[in-house]
């Protein structure tokens, strides 16, 4: 007979976290120092805080639509992000450490690290609820490693700009997550999860996360645009804003249209109003006119909404994969669309066909490399995490806070 | 017999939104470009994000005190704001388009557009719950049109400064909304709405919106103060802060005083703690001393609290109008008080009587023009929206998310 | 027989608040003016807004884990903060008023005033739910007075820097609160409070406050770092960030470890993930390396988590004191640890033993003065507030919104 209670994580989670945290401190003792020659000022800092809100609050509350998984969604998001950011700082500094023996960090390092963390948080969205915090932490560490490797390859092999290589997070993250959930559910996910439900109040909590991400997305897209060219940063803000506005309006329209009863769907809206922000993020450096941004936002919303409605069910029925936070329609589809838009816009801006073909080949290589690395890393991660040693939750305990959180009748101070 | 279900909006909402969004894209293709000569920097951007929080999150969550209308309050607010902002950008650029054939947008254009949107969001607060999203969108478009027309008239006829003309939103918005709700309820609102209720948890959600608006109001009032005079912007921040603090303390005192049982009332607090921010916004350019700001905040809170307690009920009983989010006491009364305070402060600062009388006449004209335009536009909008073609919700389905949102037992991924 | 209803606050709260607010206006008329010579810009303003979010939203929502005390926790927090800030501005300007006859306020004055308010909000956290808003307001006024006196003594007697003296708020605040709750519960708190409970949804609301405080803590710690040395401000941001990250990870690990079932505890997490931010705030000026910050965050989380688990119960059983929002483990223990860390780091940086000993003596005096003043002011405040004139709530009505808020079946507009 199956055990009544979820397996205790005491002997897994605590040692892992303590080991990681002490390891980080040890690494930081020898290799990390604060960069005192930077000229970043407080104005950059405000945009950084917007990114923090997206990463720590937005992603966490976005998952709180799950009626019995709110504590875990928000709490594990913060925990995983705190671990992944410290790890990303170390990895991002490897090159500097190799040449100088030291890693200098400043506010910009933190931002880049949080971008890497964001890609990990996107990817674990696909397995949320079906994994325990030990697995989530390990998945995030491996994802960040893969993502930074991918970014390094893109920059050193293909000479991709920093901003463009970072924005691959909208492609790397979701495909890593989809490969991961595919392996984890392999012959395991025959039936539905009984506790994967939403409710009215939990829907309101997730709206909070959704609105914050929507509002602060221009900060997320513009923060790494080169500070010496404030006009480009402004363009990024405006483009993202218009893409998001077009995306929200279109997502509502297509949702109502694709629904027989003509009603809106909250979870679908969460996924699809951000589609424009994702797509525009990927093709940001090629967008020059407001209407281009709006068209990208419009198309992203249409594809994302249609993907949510017509792909999610069949994928599940075919036992392909179970996608807890809809990373397929929220990130993967708009991310790919952004890649296509980047290609088209850049080709259209080219003067002669040779440059255009060269760019197309180079752009194709970028995508293939990212896809290959994300899928293979996702598969490897999935195989590692399937190991019973990590005490994965049983199906009955999936999407349930009670497996991980104490509820002593929720009394306080007694 | 009346139909059991709310009429489907599929054939109304989806075409309207798609038409609007495609129309916006078409207009933007030919007429809107990004202003690359601007010197706005990231520090302005941070204040812009505070305004975004007020507009997209604050107004939305403020209405979530309605126990069965949270999804709609937050979701429609975002939808309407996304439409209205795109429209306001186009209208605000009309003059530039007339002279140059192009509209250049920058961050400042976005801010001005969001201010116009805020006036629309205030006005639809009066009809929230009794209308469907098609009606809300149309009302917002017409309100923004009227507001920008009013602003243009004020500036070209009466030479009102930009900041002062924008801040008329606290007068234009609520009176438009009151005229609108008056027409919409005309001989229709004999009895109460059974679903217009609050509950404990929904009250907490609305507190979130309320506190965010309260905190970020100094940004809202100071963002359009001329950037070349940072001291004036600082004065605006401090004045607004002190007015809000005085307002919050006074609102609590008067609420307790006017209540026979000596208890506080959550909905009343929501309305009245912001009164100081509204009033000070309208008279901002005339305030020079901290105590003036605090006195304005104090008086606004007293009037607003009294208005909530002693006007709302009689207005409803007399079948005058039904005011869903109390725009009368939240915006209209403090807005008028701000107008009076502006008059008094400016007259007191005048050296000779002639200038004082001249200012008084001019100031009176400003108010009369704004009131005339807002009330007439509100009436016209009301008459248009009463048309059955828009499928207004029946009384039984008012204040109910189920009319517009899918609740398949709220199951996810099934 | 005991009365069925909570005593009405009509004749206590309303006069107190009106008297205070009118008194503030009267003081401001004669003594406070806006500083027009300041050169603060909008970039400072963005950080100020982060502090506002911590003070007005964060502290309020943090207490909303109490299932029947959400309205009061959030509402009274805003009310008390609005009163205390206005009072702190007056007191902080005393010196300038003594010499110049006028108090000039600017954005920096507001920030310092909000820091003083934060210390008051920390201290009333210990008596939350067992007191009425009249008592909370008075406690906050006395706490702010004591804190500013302490700060002035530290700066004039011991030549402590402004930043260091302000950061004593993490020591002054909690010990004031503990002395206060000790007196208030003296022979009164024999049994538990039946309504001091948490619930699932209220836990989610408190997570919101907790995550906001966690994210914006770097702003809180860095805002008063001298603006002429942006590098120091950047160091403060990075140190706080790393301390918080280490703290969150360690708190999760130790919570799981110290719990027999190996589960996390929400209330404990709320208290302990911030421990690093508190401790690093106190020793901020002495921290030079990232690993030092992380070690401080790590140790603070270990001590805070252990304190929560092993001190709270015994303290209560021994009838020492009842600590509603765990200020002992959240603020007092990490605050003292920060003091120790400051001592160690500074001694280690000293070149010769004489300077080291001198610093140690001086540092010891700082602590003793702060502790003596906070405890004695807390005791005096407790004795004043025990007076029945203030109509303290009976035990049965503790932790209950119904004592202070109107619930007319929560109907709106009826």
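All chains are identified by letter, namely A, B and C, in their written order; residue positions are counted from 1 within each chain.
The rule is short, and it goes like this: a contact is a pair of C-beta atoms (placed from the backbone, for glycine too) under 8 Å apart; a residue touches a chain by one contact, two chains touch by 3 or more.
These figures come from a predicted structure and were not determined experimentally.
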Across the interface between the identical copies subunit B and subunit C, with over half of residue numbers shared counting as same and under half as different, the residues used are different
By how many degrees does subunit A turn when fitted onto subunit B using C-alpha atoms, rounded in steps of 5? 120
Chain-centre distance (mean CA atoms) for subunit B and subunit C, in whole Å, is 35
Residues touching two or more other chains, restricted to subunit B: which are they? 42-43, 46, 201, 208
Listed in rising order, subunit A residues that touch subunit B in their complex are 42-44, 46-47, 50, 65-67, 192, 196-201, 203-204, 207-208, 211-212, 214-216, 219, 230-231, 233-235, 237-239, 241-242, 244-246, 248-250, 252-254, 256-257, 259, 261-267, 269, 273, 288-291, 294-295, 298, 312, 316, 322-324
The subunit A residues in contact with subunit C across the complex are 8-11, 13-18, 20-22, 24-25, 28-29, 32-34, 36, 38-43, 45-46, 49, 52-53, 56-57, 60-61, 64, 70-71, 74-75, 78-79, 82-83, 85-86, 105-107, 110, 133, 201-202, 205, 208, 401, 404-406, 409-414
